[in-house]
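Just below sit the structures, each encoded as structure tokens.
Next come two complexes built around subunit A: one with subunit B, the other with subunit C.
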Partner chain A sequence: MSLQVEDALVDATTEKRRSPTRTRLWGVLLAPPAIWMIVFFISSIAIVVMLSFGHVNDVGKAVFGFSLDNYKALADPVYLKVLLRSAMFAIATTVISLVLGYPVAYTIALHGGKYKNALVAFLVIPFFASYLIRMYAWSTLLADEGLVNQLLRDTGLTEGIRFLNTPGAVVAGLVYGSIVFMVLPIYASLERMDTALIEAGKDLYHSPLQTFFAVTVPATRAGMLGGVLLVFLPALGDFVSAQLLGGPSTYMIGNLIQQQFFEGHDQPLGSALTVVLMLALLVFMVFYLRATQRVNRET
Partner chain B sequence: MTEPSLSFNRRDFLRGSFGVGAAAALAACGFSGDSATPSTSASASAAAPMAQAKVDGDLVYYNWADYCDPTVLSGFKEKYGVNIIEANYDGYAGMLAKIQAGNAYDVALPGARYVELMRKQGLIQKIDKSQLKNADQLFGWGSYFDNPWYDPNSDYSTPFSMWTTGIAYRKDKVTTASGTWQDLWNEQAKGHIYVLDEDDEALGMAALKLGLDVNTANPDDLAKIKDVLISQKPYLRAYSTDDINNLASGNAWIHHAWSGDFLNFINNTATDPENWVYELPTDGSPLNSDAWVIPANAPHPGTALLWLDWIMQPDNVEKNINYIAYPLLSKSGPDIYAKMAANYPSLEVDVSKVVNPTVYKNHNATDQAARNAVWTEVKAA
Partner chain C sequence: MATDAMTQARRGRSVEGKPKFAVAFTALFMFILYVPIVVVVLFSFNSKKSLSVFGGFSTRWYQQFFHDEALLSSLRASLLIAFVAMLASIVLGTMLALALERVSSRPARITGTVALIPLVTPEIVTGVAALLFFAGLGMKLSLVTVILAEITFSISYVAVIVRGRLSSMSDEVEEAARDLGCTPFQALRLVTIPTILPALIAAGLLIFALVFDDFVLAFFTTGVDPQPLSVRIYSEIRMTISPAINAVGTCMLLVSVLLISLSLIVPRLLGRKDSSLDLISGG
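Presenting the complex of A and B:
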């Protein structure tokens, strides 16, 4: 194999056109990630798809089968209701992340100066701790008799505020968990943008705000679309935020899937739900791909 | 800049990967066709030779978090010179799912009905009681657990702890408790009430309130249970099994809770123990138990047997009761617990009542699906 690699290197330097040896090298390099994907990603999806046509036997064991019963069970309006609720939460999360995240990315990219990289690093630091741990931390801080409410009571302004177990808390948790995925792509596209464009906009008698919407926003559309995708998709499938910060009526599709797997003893039904969710996400993915293609054509 | 071209295109690559992936899934996964009926898998594991109680590796230990005195764990490590690799679950169904998926543990602690399920699925191995020096602490003195309902002759399990499910509330906020399950609909605590996030517990609570069987799968009963649980939602803060933390954080004024967790909270966490009441509703209270098992695929069944023996040694029983605040089901356990809970008559757990209609039982697939659907609709509503 080392011989092949050497060959390939020689080929690569001496020959500009592709050769069979060179493609073999790429094939070899592709093998580990391909095996990784097959073992840990594709096979698990395949199991989920196959299991979604199965059922649970009388001793509670999931078995494969060829029935559509699980999909028929999903016709129950309760699932549509939860899916819509999840979509609302995910849309709210995405919009809030965009509105909060854009100024952050803008400030770092255009006014960060020599601290730019340090500022980006600071944004990422909270991610050193797991999402779950941070959610637990929030639920401790914001509890009715937690630190924040104690401080509020000490000020004498309020008797304390109920933060937790509300739809707002779920969305706040989602925003907190994913906003950095909005900031980073926007930051990257702002970084790449030629600031001379902004100067040009001002030279053409645009106000700063007009320049922002006519020049900066279109130039960073690809970054925004990337951010929207990275925030929306995980938010739609999330269950941690609703589990730890939610109330009795904030159940999301992710919670429902988790319940089927871990509580309902019905992994086939959970699999069918997963497949439906994946198909729904696929629709957004196609929308995203088309939108980015349009952006690419325009620029 | 041109991308390096490949002799195979992306689509071929994906198609090939998916094909191999599907094959790998079929080959590797823990699920099977209907052929794996309980009888064949049970006889398969019964035919395997039973393990001997001697060290054959570290102990891979699977339990609730914090459900064992740390000194009992460290004592085991010292005595046998092994490490304990600890994993935790937050619900029996999750534990079962992990073991079904093929994760290998040496010991696990399922609830009674899960012991039955795991036995029928061939997931746990027979335990040779002659290998356990302290077996006389658990069996042979007239204990109900010589032959419990979930495991004839306790062939596949050793009983551990027992508890009731009731209601915890704080007196400074709630003065109008009625002593029945109606307290989980209390107007004073509206928005500060928690119900245990477990299908059996929630459905069982509603059933008792309605005067029905906790294990009912009758469609009319289930419809009533669903309605009554949905009528409760405006009163609830959340569904959660994290009762100790919800009581400690002040979020819960009333909590559907397990007896042992309440006593644990009073003993270890509460800053004002006198302020808290545990009430055993007069319309009936669930009483359930759990037991240690050795999974069929345990990598070190010898060390696992030593653990089962260790955990029933009288001094360790006492340490554990003091730590977890649940009565343990050995000869000495109930008395030690009774002393500890003496100030709280409602926390009394009467071992002789374990054969009662409020024990959670297993269901056939249709009934389980019907109960599951009700719980899903309640939580999604």
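Presenting the complex of A and C:
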């Protein structure tokens, strides 16, 4: 009730003259996309949640139900191991992207000069190449008979290194897949930053490195948080990197979900896995929103 | 004194000198970014059936691609999906953006938040949800189901991009048109839409590229025949590794690079600053 009053007050003060016809037009504009999202997005997510409590009946058909059996099945060490691995891979991907991406954003933003825009474009273009093709590209490069091993053998130093099917290859693929989403928000926050701060920091602290950690890094926290979100979310749900660069020993939750829907034919279990993934992301989002609020309050 | 500080501040961006390490690191970073892509393109022209030894220049894998009826029908399917999804999501996404930007009612705000969810939802979740939704309705998986799923995903993108453009546009122009006797719809058609047109074109090209390349959603919602190009390639990759896949991949790269370059250039040609680059980097 009080919220509605607040709404009305805000409306009255901000919108000076809003005629009824105008409001009707915006309502007409809002309805089709809103209905579309409800029908195709909200309701389909609801079906996933509902089916996760269901089971597969005697003729192999997925039916709704009210049991927690699927979730109990997920408590099995086999699944827990995969869930843990997914979290580790996603965290590793995020940390590596941050450590590698920050210097790049920094260099372009503060030392790009007149080439700044060109450098950003140069950085962004590869990420519009199909994700699948990019993962395929790495898999051919890193294969036992691939180009990298061929070059290594040519140097005569080694008989070749096994890259594929290792956790390192999967995480590298994930980093390569979305590091741009780390660089861009950091770049944007560095751009917005008042460089006089760095000057002041230099007077205050001894070394450029100290200045960097005491001044620049805190001033770009919002950008880093944005990057962490944009890299972590897709990494946690990915299955292509683990499929093409890894194998069963490096499977992530995405691979399990994909298996349940295409090989295992246990859609309710796959739904439960999907719900677990969504819950994990929800928890992450809550922490993220809290952190951004804190950053906003401080700056 | 004050001017001193100001010049100092303005010079600030270069005043500390270029740290050589950072520049070298960035150069190496960019190099590694392009290595896999360049290698894919290079080996698509390999005369040998190898992905590590280059035997000489040849277009045999492209000829193979252009004579493979199944792959060509996949290519046509992908183009169709991207085109329809682009048109539909531009219309629906723009409607959503307009409504969200101009209305502050509760339903509008809730819709605004809901419309952001697909952007932070991993594609596999959206894919599973779409698959179960279509199965629940008893719909046979086909290009239609792929298109419906891609539209849902794209509406959010378009809405965010167009909203960004709208929020930087003062609604006084609209008000002026209204004062001159335009109906709300006329004001929209004659003033607002032309103003945001460059952003719409940039968003459309971006969506076309994203949908054309998309694999995960297509993988979960496609029927058997014809499959989108990305799904076809995925099943081929799992069976065999051959420069033929590189040739198809190179064609896909060409399509996306072309579209993205256009989305960067077209708004500038139309005399507006807002290219998709600004949309992406939020600048």
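Criterion: the second predicted complex is superposed on the first by the 258 of 299 C-alpha atoms of A that agree within 3 Å, B and C clash if a C-alpha of one lies under 4 Å from a C-alpha of the other, contacts with A are read in each partner's own complex, and residues count from 1 in each chain.
By definition in this document, a contact is a pair of C-beta atoms (placed from the backbone, for glycine too) under 8 Å apart; a residue touches a chain by one contact, two chains touch by 3 or more.
It should be emphasised that the depicted structure is a prediction, and the values quoted were computed from it without experimental measurement.
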item	value
Combined model on subunit A: subunit C and subunit B, fit or clash	clash
Contacts of A:246 with subunit B and subunit C, given as first, second, both or neither	first
Touched partner set for A:58, first subunit B, second subunit C, both or neither	first
First, second, both or neither for A:163, with subunit B first and subunit C second	neither
Touching partner for A:137 - first (subunit B), second (subunit C), both, neither	second
Which of subunit B and subunit C A:47 touches, first, second, both or neither	both
In the superposition, subunit B vs subunit C on subunit A residues touched	C
Partner chain in contact with A:128 - subunit B first, subunit C second, else both or neither	second
Touched partner set for A:82, first subunit B, second subunit C, both or neither	first
Which of subunit B and subunit C A:232 touches, first, second, both or neither	neither
Subunit C region in steric overlap with subunit B, selected from 169-177, 205-213 or 223-231	223-231
Subunit B and subunit C footprints on subunit A, overlapping residues	22-23, 26-27, 30, 34, 37-38, 41-45, 47, 51, 139-140, 143, 145-146, 261, 267
Sites on subunit A touched by subunit C in the complex	4, 7, 10-11, 14-15, 19, 21-23, 25-27, 29-30, 32-34, 36-38, 40-45, 47-48, 51, 100, 103-104, 106-108, 110-111, 113, 117, 120-126, 128-134, 136-141, 143, 145-147, 149-150, 176, 184-185, 187-188, 191, 194-196, 198-199, 202, 208, 229, 233-234, 236-240, 243-244, 254, 257-258, 261, 267, 270-271, 274, 277-278, 281, 285
Complex contact set, residues of subunit C against subunit A	5, 8-9, 12-16, 18-19, 22-23, 25-26, 29-30, 33-37, 39-40, 43, 51-53, 92-93, 95-96, 98-100, 102-108, 111, 114-115, 117-118, 120-126, 128-133, 136, 148-149, 151-152, 155, 159, 183-185, 188, 209-210, 213, 215-216, 220, 230, 233-234, 237-238, 241, 245-246, 249, 252-253, 256-257, 259-260, 264, 277, 280-283
For the subunit A and subunit B complex, residues of the former touching the latter	18, 20, 22-24, 26-27, 30, 34, 37-39, 41-47, 50-51, 54-65, 73, 76, 78-79, 81-82, 139-140, 143-146, 162, 164-165, 246-249, 251, 255-256, 259-267, 269
Subunit A contact footprint on subunit B (complex, rising order)	4-8, 13, 17-18, 20-22, 24-26, 28-29, 31-34, 36-38, 91, 93-94, 96-97, 100, 117, 120-121, 191-192, 198-199, 233, 236-239, 249-251, 362, 364-365, 368-369, 372-373, 375-377, 379-381
